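First chain written, first letter: the chains are A, B, C and D, and each begins at residue 1.
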């Protein structure tokens, strides 16, 4: 198959799999097989694409908005470039891990509406592929909305009053910001540049003055509600009512990363880092990101609910990536791109562990975890590794991306931001490390001994989380290939 | 008989079919005949649009009785008219083809032939408005369409329909009388009723229009600078705004659409206000002209705020409605705001957006009302409480509703997105920042009111837990709803027809020439 | 004649319009609507009048004297409008009869009250 | 009112003249003032007078509902068909000159006005009947 066809196949495959999942709703085993097989196929397809990425294969499906004299027609179209491919690779790889995990989780938890769950999950992955391979802003916007809509049933999976309230917050913020901010920004870009195509070096250069560029960037940054920049972060903790696999894949990998990926892609391919670096239009965004980064970490410290703490941690880590884009140097942008991978791997492990703790020990709060490490050694070992990676300590993958980001602040001479990065790392230690420490070194409370079901979670849950934790370590040694892979995006 | 006769056939076919329906009497016969007629109308409209779109002049003209244009009555159709006719007849054909099934619950069988006769009369009136090039003819056809729609609405099942029809009758009559005054005053100053001729004479000076020897105070004054013409314009605009249900003159619309038989709401929601919008375009652009409407009078300073108010206020009201049909009706008022907003920009891009939205919204809203009709065949209640869990009971029906709802919001790949895209980019192009922001805010409100229905249907459990097996609406009805809503998907992806035609139509309205 | 005919039209129109707006009784609303419409008919008819013009029926032209006719077109137009008006009134009255049968009242506020309560 | 013999006699004398006058207005319409609309209304007035004096049931026998409906439709169709003849004979809608060599316009307008007159008379009588009928039960 030609690379062009592969791209289209990558987007369609999860959607087809969603249809098959619905068709097999009577037979759970077949249904889960469909999910796993398509996960494997997808990874293979995306993997094959990495070989041909240098040629930048691109394909337009159909013109949706006819062009006029000043403006080019806009098509639904896809292309493959390193940043998107990396994102697709992460998402498809982790889809398999999550699928295995969710089968274990959903079955041992006896959840309702499993078909709807797996179907929406597949659609969401399809949307992520669409975002990753989008050739222009319109295509990206389309799949961005599909992602929002398809994850709504996942967030409100339990159907309780609380879930519905959270669902409304989720949908309200994501839909609201995307329509008022992102859509408007896209239209404005179309007016200014006459095209919406992602091009190396940007399309806005020469069409905007720094002030307009700053305003437009603000529309993009706040319009992408999925990036959870403060003050638009409320949906992320709210969405933690979802079942843990959903939180794991969607709110550590797919949804939030789709947000920061959008911002990165806009920064690199619409504005162009030259334009951002030269005009200083993105300076304000650095400070917004820094503020988000610090305050989210501080809030995370105060949260006792494990998933909520992880959610605030995610908000803080997303701000790293936005910061990387707004610094607009080569190393910071690549650092941001790399952080997508590193953080995805780390955070999904942390969420898997949170879910495993819920399934194995029925605990949701940090304060309940005393002594649990002895009963669930694998889970907590994985948690420790992932936490170290998120904090950014060697020999975990996370240290490289943070290193590159710090390098970026130095290149730009933004010393205060360097300080912010360092303080934030300390805060990361402060809110993440107590969890394994409590589990391993504190005595378990007396009463808990008799309660049944306190052991490791089912194997289907434990194996994926060990694998992703191992991934965090492996990534430490893979940093250079990723760097080389990404470095071509900053060229014109 | 050749293709030249099409413009008149478009009008007299349904007009003469109406009395035939009256004579046929039997419900099934009358229905079959009406379907046949409406399908032929669709065919005629499609052929006409094809001819117009590929002709050099971009319009066709037909002189009734063989009398030449300014003296006789001329039928004139350009791209805009062709597009409106196409959507009008398409909706009529789809609606009529399922009308008999929908009427079973709502109108006694022995009155069906009356219903079909009135329906065809309404179709004839609406087609006539679009086809004619004579201003007084517009009034006559407007009244034919209005009178028949009052009758159609009053056939609703509940007694509220009677009150709604009466309110509509009073407001509609005031509106059309205003239009009549406007036409009279314009005729008084120019001595002609032919639109093209009128447009020409309005820009001439008084002495060249009046007979020689008439004593005129200020002979060099252009006709359109006289106070009489200003008054004529005001009366016409206000009258049309009433027919169009432009905020704040929309009071008749929600009651009428919510109480009429669903088949009538389906037809009228997609057609009657759209045709009124067509007339407004004709009056403001073709007859009075850009310079007069937007330069001398400054209509945009009135229409833009009203349109925005319509979008925001009506959408907000829609959020608080408990009945699906009222939600859709208020949404219609809001969508009319988008139409008028496009007009009020007075740019080619804005007009294009308005015309495209006319086309798209007609399909969407008719489709949505048809879905409501589908629901009504299976259960009595149409409130948000009574449709709880309907997503499971009527999956295909509610899926159609979701498609239409996404279109109303303007999600990509639906036709609603295209029109909103064009509208917002038209606003940005002419530097109307605030307007652009308010338009997207309006979409946000649409998210909320559509979501309330979707949430009720899919994510709320019904009160009585007797979840029966899936039981969708009858296949024919469902197919019809999917035809209309499927069309919104198709025109959301293949946009060449509506956008291409609308662009050229807008160009000729602006006097640019394509 | 001056502008006397226009003043008549305006007075009639306002009387009709006020009746439509201010009256609760549906029959009176219809009467107001009738007056309102008639005022427009008068506007049309009076505008067709030409000073010293005769009825627009062709007479044999006498030598050296061309007859001046009033403009017949407004009459024709308004004949159509009158028919429309008759139809509107008939339909309105028919609706009122059915409203009366369904609600037992033809006072608008009472009817709206009943609708609100049901 | 059936018992008032004066009314009955006067009505019996008047009605033929009213109807005759209606026909005069109808057919004289293309020479002088008159035409289908006016004639239709006058004709209907004659029937309404008859109904007022002799009661609805008697009048129903004269003009059954079914016949009225047919007349409404028939008048309209007559109008439409005359117009359509123009198309069928290869000219424009409502172009009467194709009907005959010299007096085409003449015949055309006469037929069209006849259609209008029949429809108007039938409609007005129907409306009257419907209103009267409603009040009785």
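Keep in mind that, in the parts below, a residue touches a chain if its C-beta (ideal position, glycine included) is under 8 Å from a C-beta of that chain, and two chains touch if they have at least 3 such contacts.
Everything numeric here is computed off the predicted structure, so don't read it as measured data.
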item: Central chain (distance from its CA mean to the mean of all protein CA atoms); value: B
item: Whole-Å gap between the CA centroids of subunit B and subunit C; value: 27
item: Subunit A and subunit C, separation of their C-alpha mean positions in angstrom; value: 70
item: Whole-Å gap between the CA centroids of subunit A and subunit D; value: 79
item: Centroid spacing, where centroids are CA-atom means, of subunit A and subunit B in whole angstrom; value: 45
item: Pairwise chain contacts, counting only pairs that touch as defined; value: A-B, B-C, B-D, C-D
item: Touch list for subunit B against partner subunit D, complex; value: 1, 5, 8-9, 12, 15-16, 18-20, 22-23, 62-66
item: Contact set on subunit D toward subunit C in their complex; value: 32-33, 37, 120, 127, 130-131, 134
item: Subunit B-touching residues of subunit C, taken from the complex the two chains share; value: 17, 20, 26, 29, 33, 36-37, 40, 43-44, 47, 74, 77, 80-81, 84, 87-88, 91-92, 95-96, 98-99, 102-103, 111-112, 115
item: Parts of subunit D lying in touch with subunit B, wherever the complex brings them together; value: 69-70, 72-74, 76-77, 80-81, 83-84, 86-88, 90-97
item: Subunit B-touching residues of subunit A, taken from the complex the two chains share; value: 62-66, 68, 76, 138, 141-142, 145, 153, 156, 159, 164, 167, 171, 175-176, 179-180, 183-184, 187-188, 190-191
